[in-house]
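Everything on this sheet refers to the single structure shown next.
Just so it is clear, A, B, C and D label the chains in written order, and each chain counts residues from 1 on its own.
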Amino acid sequence: MSIAVIYGGTRPNGNSEKLTELVIQDIATEKIYLRDFNIQPIIDMRHSEDGFQERNDDYNSIIDRILPHDILIFSTPIYWYSMSGTMKNFIDRWSQTLRDPKYPGFKSKMASKKAFVIAVGGDAPYIKGLPMIQQFQYIFDFIGMEFAGYILGNGNKPEEVLQDKVALFAATQMRNQLIENI
Amino acid sequence: MSIAVIYGGTRPNGNSEKLTELVIQDIATEKIYLRDFNIQPIIDMRHSEDGFQERNDDYNSIIDRILPHDILIFSTPIYWYSMSGTMKNFIDRWSQTLRDPKYPGFKSKMASKKAFVIAVGGDAPYIKGLPMIQQFQYIFDFIGMEFAGYILGNGNKPEEVLQDKVALFAATQMRNQLIENI
Amino acid sequence: MSIAVIYGGTRPNGNSEKLTELVIQDIATEKIYLRDFNIQPIIDMRHSEDGFQERNDDYNSIIDRILPHDILIFSTPIYWYSMSGTMKNFIDRWSQTLRDPKYPGFKSKMASKKAFVIAVGGDAPYIKGLPMIQQFQYIFDFIGMEFAGYILGNGNKPEEVLQDKVALFAATQMRNQLIENI
Amino acid sequence: MSIAVIYGGTRPNGNSEKLTELVIQDIATEKIYLRDFNIQPIIDMRHSEDGFQERNDDYNSIIDRILPHDILIFSTPIYWYSMSGTMKNFIDRWSQTLRDPKYPGFKSKMASKKAFVIAVGGDAPYIKGLPMIQQFQYIFDFIGMEFAGYILGNGNKPEEVLQDKVALFAATQMRNQLIENI
């Protein structure tokens, strides 16, 4: 089994990345930093005669990179109690890919994957991050992916998540879970 | 009291817009269609020495337009069980404005406003839209705004929300609430 | 199709009952006021050799009354942001009935029903009642029932819910939905 | 600082109790097993001329036992995606105590305490237990208590929670937190 990590953070070495590094260190992964790419918001053309139009951005190249993998890790800072807008735009575009003849079987391919979420926030993430977890559950349910686990970490200042002992332990456990799956 | 409407939809005359039109028809409002503007994702520079950098996009011009108003209506389709990525990027940027010397008192200015949410989705919005409502509550709590009401409507195909009688009635009630407030 | 209404309120003519009456007036229903019965808390004996023991209370008689019906309406005041403890004890006992040889096929019988929820609370029920709705969804999912609709009403003092125009309209709509189903 | 533990489970040595024991072992605590007491459901008399009536059960004796403590641990199995009906009935009765002249200052006394929650369930508690956590947050917010932490554990069969390594580690951390507070 192979792993792709989709990073939604906008700050290199931010807390969500740091925590994710602990999970995947020394494990081969495909790392995708969404901030390095141009991902346009979806333009909803589901009901237009011509259907969705090419956005001519980097979105498809990211889909091409994640599709071969069996496990997807969504790593995002908690901005305003949800995933980053960057990651949200990436997921919004799935609606387009679901109807894109260049990606036949997109849903069933996604449905064969397992998903993990790693999210770090600074304002009571263990409580105020819960709606985001529920949304990820709905997202994975829709696309048919198994939601195999998540970690909510607490951190605001650089590297602060490294003080969150429960999150660090959960990272170790998720790491073991990944190693068993590979 | 004056009203600004912030539209997060990407399809002109989409269901969330249609429902919003019923709420505000014949009421003077400042209408902001986020899809018509270039809003870059936030780059988190809170912990950098230099602080946030100008993004040179249209974001500040939108802030300039909403600040004079007393009531903000957030109108968004439900994409993947949350607000559109376009609207999320707009809100994410508030973190920058909160630290922007060009916008002194941003938080207290926002805190004097009332917020309404109008959201339409096609996959059981009355259940699966609830985490999004909880997130808006957290967002408004943080910034200090009163969350004065919301409508969740059901609709997928064009104009389908106009069949959702409870949503239409709630629109009438929200409209009355706005008229009383003006 | 026939309808049973399960009332969790402890005050006769409380707000949740009032709102429910608007939904079902002039429709034949089996009305079950849980407060009139002795319903003991479950004693979890799933893992005991002897299994669950008879509690010798009124619980089974209520199950006998709801099983023949096609539609169940759960009508409860929101106490402390959830259904009343009385109603919770009633639902907790389903775990016993699921293993009770006197009720073969309990799950599949329940799974053929449709469920509605009517709940009234006095502290921002449109927001703070949402976790309860999510729990009802999980409950109905587990037992296999369709969650056909819900109303959250606002009311604290006697009859106050009759001022909640959106709830009243939603009651009319739920009523129409029931009439179409009968 | 002193600690009271309120157990909502109905099975001696159930998973939620087991996990709680790990948190409090060798720490002096007042242990209250709700199943050993007769706690009647609330009868809502807020709007009656005569007010609430004595229920002549064991409820007040439990309030007497928790009031002297600084920290309250709510330990409950997750039944049907929420706290046990037994624990819910106990909390529902707070509405009566808030108006009981025999308990002047009940709210402010409760508001000076810290609350912890330990809950174990067998059906995806990390996801489906989240609405319950949100409800505890609302409960503690209302009464003014600090929500100092929670653990969600996974377990169905006896002692199964002892296989949930993240929950066990979180128990160790909560234990340390308690020791620092004493």
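We take it that a residue touches a chain if its C-beta (ideal position, glycine included) is under 8 Å from a C-beta of that chain, and two chains touch if they have at least 3 such contacts.
In UniProt terms the chains read A, B, C, D = Flavodoxin family protein.
Since we're looking at a predicted model, the values are computed, not measured.
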item: Neighbouring chains common to subunit A (Flavodoxin family protein) and subunit D (Flavodoxin family protein), by label; value: none
item: Whole-Å gap between the CA centroids of subunit B (Flavodoxin family protein) and subunit C (Flavodoxin family protein); value: 35
item: Separation of subunit A (Flavodoxin family protein) from subunit B (Flavodoxin family protein), taking each centre as the mean of its C-alpha atoms, in whole Å; value: 24
item: Contacts with two or more other chains, residues of subunit D (Flavodoxin family protein) listed in rising order; value: 130, 134
item: Chain contact graph, described as a line, ring, star, complete graph or other shape; value: ring
item: Of all residues in subunit D (Flavodoxin family protein), those that touch subunit C (Flavodoxin family protein) in their complex; value: 9-11, 14, 35, 41-45, 47, 77, 79-86, 88-92, 94-95, 123, 128, 130-132, 134-135, 138-139, 142, 157-158
item: Contact set on subunit C (Flavodoxin family protein) toward subunit B (Flavodoxin family protein) in their complex; value: 126-127, 130, 133-134, 137, 147, 149-150, 165-166, 169-170, 173
